[in-house]
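Each structure below is given as structure tokens.
After this come two complexes, each holding subunit A, first together with subunit B and then together with subunit C.
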Partner chain A sequence: MRKMPTALALLALLGTTSALADITFFSTQARPLEEAQQMREIALAPYAEAINYMPQETGTFLSRLEAEKTSPDGALDLLGGLHGELGSLTPSILTPLNDLQGSLADTGISKQYMTLGKLGGDQQRYIPWMQATYIMAANRKALPYLPEGADLNALSYDELLAWGRNMQEATGSPKLGFPAGRKGLIHRFLEGYLYPSFTHSVVREFRSDDAVAMWQKFREIWAVTNPRSTAYGFMQEPLLNGEVWVAFDHTARLKDAFNKQPDQYVAFPAPAGPSGRGYMPVVAGLAVPANATNPDASRRLIRYLMTPEAQIRTLRATNFFPVVEAELPDDLPASIRMSGKAVAAQSSADDAVLSLLPSGLGQQSGLFNKIYRDAFVQIVLRDADIEETLDILAPRLQTLINTSGAGCWLPDPPSDGPCPVK
Partner chain B sequence: MKHDRWLPYYLIAPSLLFMGAFFLYPFIQIFAEAFTSSDGNVGLANFTRIYQDFNFWPSLKNTLLLTGVVVPLQLVLAIGMALMVTRMNKGRDSILYIWTIPLGISDLAAGIIWLAILEQFGFLNSFLSAVSVIDAPASWLNYQNAFALFLAVVVAEIWRGTAIVLVILVSGMGLIPKEYDEAGQVFGASYWQRLWKITLPMLRPSIQSALILRTLLALEVFAVVMMLGGSDMPVLMSETFDWQFLYQQTGAAAAYAVLIMLISVVITGFYIKFLNVPKEAR
Partner chain C sequence: MKSSSSEAVMPSSLSSRASASLADSSSQLAQTAHKPRRNDMAWRWLFRAGVSILVLWVLVPIALLMLNSVSTPEQITGWPKTLTPALSFETLDFFWHYQGVISALGNSLLAAVFTMVIAIVLGAPAGYALARFVFPGMNAYRMIIILSRAFPMPLLALPLAVIFIQVGIDDSILGLAMVHATLALPFAVLITSSLFMGIPVELEEAAWLMGCNRWQAFRRVVLPLAAPGITASAVFAFVISWNEVFASAILTVENRTLTAFLVQSLSESPAEIKYAGGLILVVPALLFLFAIRKYLFSMWGISNR
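Presenting the complex of A and B:
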């Protein structure tokens, strides 16, 4: 008998939550439990209407949208995802948001980012929402081993190699680290950092002599890299437990290390190669499914999320930086202050080479990343012949680019038709 | 009377419908997708694609090797454990309960438990360095040490999957009439003679079903390998998962699924033929 009131109360509670949750915000971002909670409490709480924030793994996110695209009454109102994720959907799933372009014109969103939101077509399929990038992080214990004359803010890949060697000699174990595990983003390092730094390209020069030299250099760097790297997902973990002293990763995946021990770590730009300092900004966007039941409510929420105030709140919750012009307050967490400086130094470096996330690949974007990861596994981990491996992979790369019809993106010069692999 | 005749069919109808909707239909769909290429042509394009992939042979080799090592070891262990349990008079249930605890743990959780033991700063290394067997926690669970990775997965799989074999064998042993064993004793057969000539042959139906079940599960091994080996130890199931969710090529993923099914059918057929149970013994 005593259980009855509890059960009733629970039922009532369930009833009210589902009735209040008017807007369903389905997102691949802010997925870890803690971040999702911050997203709800910090970024979305001030909004007048109730929002049901539902983070989801990329695969399930995409499968669900593809599966529900023909349903007339969609259960989802707003989508949040990375450029590549939204771009891999059937374009008609996302309702055109051209009407929002005008009201967002004077907020300071980069034109390049707005164009990315068109996913290679004429319609604005998503609105750029927030941005991040990949940087390097180092434990202060590693700094004494920097090679002589090296400037942390203008490091080269040769100096990184020398640094790794010094650390290995001094400590007896390899202290460099890369996120090469299943959940790691090593493919972004290859596509946005290594290839642009050595070949000023990512597709065209895939198997060029410069690329061969690049893989040779990376093999040398890998020799002084912690072999556990193939199990690393988020580099903040091996940094915090001391397995690794110097690491490359996404700013959001270094966040815990910076926040937990701000005095122990430094953030700095990625190294430069013979062709410059390749770097890749990550853009997440907001989109509305074509079958959303109340598209006006979805648009209102987008307008709120694009205000400088909401963008700063999102920054606090997710560590993704605003895409609109916004004054950064002084009380931001250590991770944001530290990575903010490194991000600025990286993008404003004299030798910076801007690399965009692969675009226009649609359903082929997963396969595109696989090509680069396969090259890495074969050449670096399985010690296969460099030229042979690139020659096997180049036609596959060309086939998938032809299938998607994607033209070249930065740093490759524009192409007529699908981007050619030389 | 009429009502009685149809009753069994009414009773199995819900399960048939359930199997039809959630097993047969997806099964046919997977088959159709495996033989349809992305441009709509029917053929073997998906199979060619996975065959040409760098990970095809490593994943096939790892899966078969793992099955070939884990399943026989588990069978021997489970027979030994079942023999011990059936001879116990006191505390039999408690021991069985403890031995079957891993059955209640999901394979992902099992993987996490073993990772916590075996990783660089895990329990094993902490223990070894505490008792001064090693100087510093060494990282040996990495791609350079394929044997250690394999061994770790074997140990975790044996820990996790032996109980299911044990349960089947214990119930099978319970079905063997005591008279045979007593007759053997009367005629002076030793323990080993009775084991080889009476217990194991009588246990054959249970061994057959345990082997089939365990082998099918071993061919689908996934979460434990993912936790311990990650991408360093590809298996058929992880490749299926990756082709579907990472590379978003449903056709290729379906081709892997069909391949796993073919291997399962061949091995099951082998067990049925070579562990044939005569009709009168069933």
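Presenting the complex of A and C:
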């Protein structure tokens, strides 16, 4: 008992030794511990000022920002998040960064990305920071079972189905995998890959005949998919332990498999459907909270992060590719080289269908994803009637699009007013 | 009988259970004299099996955590598994050098100790009052205490953060400890009140007769008897604070606790990092429990060593 005060004093000392960094960089990206460490050691270390890089889960990221918005001086200086995350904030939380547009004009950032950064308004709320996309990965053990005549770099969904069947027949267990767990990104597969590939649309053709045919096909594919898929978040894990041989996921979520066993895996573009090869790039952006104590320091850091050199460093740390024009060096890690090739093949394919992240939905974007996930759960997992399910969900989709007033985005042709669901 | 003589010196809160177990064993002794031993053996084996299952239930996950955190990544994802790890300290070493782990560990301990102190300083008197006095609104009070656990943290954290920012205790360990203490208080009050109820008021009255005032009687008679139980509720408060993630993640920015600092990122890290991180989160709490085990054991009537 007598030792208590001494212990308390020691603890108090420990508590106060944590150094206060100059710039607090709050980010939902590079969250896994190793990535966060590399973000600090590789990407941010060369910067002249001290930076406190703090990766956050989306929920706490948004809650913290909402809590701070009433305070005159915020604790956060720079925000890094995905387009959808930054878009779900009240726009006035983010300082307009229109003054940066000029200095970034000749860096080669795509105009479409800059427009996404306006979050459906007139002001530049975030600066596009880095990009990634989703691709397929396969264990080399799976290659002998490819259906005859199939080209890995120009696969179709029919061939994927046949491939899955072959593997199941040969090994006795389903070897396809999708990230349909709680942390998985299956909704992006539906929005950016399946729908565009079968209907050349995301919203307009939500319940069309093509969509019905698409869901039927996906049901067949699911029958030869590992049922544990409903628990998968990051496909690198089931790939590494051999549960799954062929998987679809975000490039950053396949990286561990490519880096640990580069000779064991191949990366290749997503399959194509009757309407083409749908693919969706993911954009992360940098933003400054309106109540940041030193907005000039935040802007300086953004300018640094947008230099080609810092973008390459960020690529090494996070596996997200530069949004500015930058020469890729030769000594990049295996995962970046492998996924880089697949990404290029995917976006430059003759039948490629570019599908953008939902834009203009603002705070409705979470609900938007939920509609696609719900459709998946009902139709594929619970075997509900396809047309009936889509007829129930379509009016909900229309309501939330009307609420946000979002116009159509690619691959849907532009609309006057809110994007209509046919 | 032996039990009757031991009952006289034993505090009555413990005596009922102790005498029951003594009575059990003496009746068992009596049985063995008359009946065949087989039945007795069967019960003994059942008892041993039950104890082993309970012990393994706790120890196997911790052992797995330890084995896997000193294995190489290939061993962890590979098959078949071995029980002899390669003794690679790479992942543990990674944590040691991970920026901020040490200060987060300090913050966690500090928050847990503050929580413990606040919960006991406020909770034990409330428990005493509930046990010793009858006052109007007592049952409502009891309900309200439990009610404070009815709101999920994700719901409370946002408004709390807003108020903390306005008041100026945002991002401080003390502020966080106050939130954790709110979570721990219901348990502290309920555990201590049932504890004080178990200590006969006659003991206190006897002390008053012998010249103690209220405070002295409490300090010299009630407190020593209640100490193990109070420790138990303190441990509970410690563990609640140690395990809490959501409030810590929202209410602090620079001064993160270890759980808030690691748990969010851990769930998305490769398997070997998860194991090592899990070990790092578990070990300090285990060490703490180990250090105070004798108080816990004496509460359960096991002799303290």
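To be clear about the criterion, the second predicted complex is superposed on the first by the 402 of 422 C-alpha atoms of A that agree within 3 Å, B and C clash if a C-alpha of one lies under 4 Å from a C-alpha of the other, contacts with A are read in each partner's own complex, and residues count from 1 in each chain.
Basically, a residue touches a chain if its C-beta (ideal position, glycine included) is under 8 Å from a C-beta of that chain, and two chains touch if they have at least 3 such contacts.
Everything numeric in this text was worked out from a predicted model, so none of it was measured.
Enquirer: According to the stated criteria, A:G59 is in contact with first (subunit B), second (subunit C), both, or neither; which is it?
Expert: both
Enquirer: Examine A:L381 and indicate which partner it touches, taking first as subunit B and second as subunit C; both and neither are also allowed.
Expert: A:L381 sits against subunit B, while subunit C stays out of touch.
Enquirer: In this superposed model, does subunit C or subunit B come into contact with more residues of subunit A?
Expert: Looking at subunit B versus subunit C, the one contacting more residues of subunit A is C.
Enquirer: Is A:F234 contacted by the first partner subunit B, the second partner subunit C, both or neither?
Expert: In the superposition, A:F234 touches subunit C alone.
Enquirer: Regarding the shared-chain residue A:R31, is it in contact with subunit B (first), subunit C (second), both, or neither?
Expert: In the superposed model, A:R31 contacts subunit C only, not subunit B.
Enquirer: Taking the superposition on A as described, I'd like to know which of subunit B and subunit C A:E243 touches: first, second, both or neither.
Expert: The answer is first: A:E243 touches subunit B but not subunit C.
Enquirer: Applying the touch criterion given at the start, work out whether A:A75 contacts subunit B, subunit C, both or neither, answering first, second, both or neither.
Expert: Once the two structures are laid over each other on A, A:A75 reaches subunit C alone.
Enquirer: So, A:G181: does it touch subunit B (first), subunit C (second), both, or neither?
Expert: A:G181 contacts subunit B only, not subunit C.
Enquirer: Of all the subunit A residues, which ones make contact with subunit B and with subunit C?
Expert: On subunit A, the overlap between the subunit B and subunit C contacts is residues 57, 59-60, 63, 241.
Enquirer: Hey, which residues of subunit A end up touching subunit B in the complex?
Expert: Residues 57-60, 62-63, 88, 180-182, 226-228, 230-231, 241, 243, 363, 365-367, 369-370, 374, 377-378, 381, 403.
Enquirer: Using the touch definition from the top, list the residues of subunit A that touch subunit C in their complex.
Expert: 7-8, 11-12, 14-15, 17-21, 24, 26, 31-34, 36-37, 40, 52, 54-57, 59-60, 63-64, 66-68, 70-71, 75-76, 183, 233-234, 236-237, 240-242, 256, 260
Enquirer: Tell me, which parts of subunit C touch subunit A in their complex?
Expert: 73, 77-79, 94, 98-100, 103-107, 109-110, 113, 154, 157-158, 161-162, 165-166, 170-171, 173, 246, 249-250, 253-255, 262, 264-271, 273, 277
Enquirer: How about subunit B: which of its residues touch subunit A in the complex?
Expert: 38, 54, 120-121, 139, 141-144, 226, 230-232, 244-249
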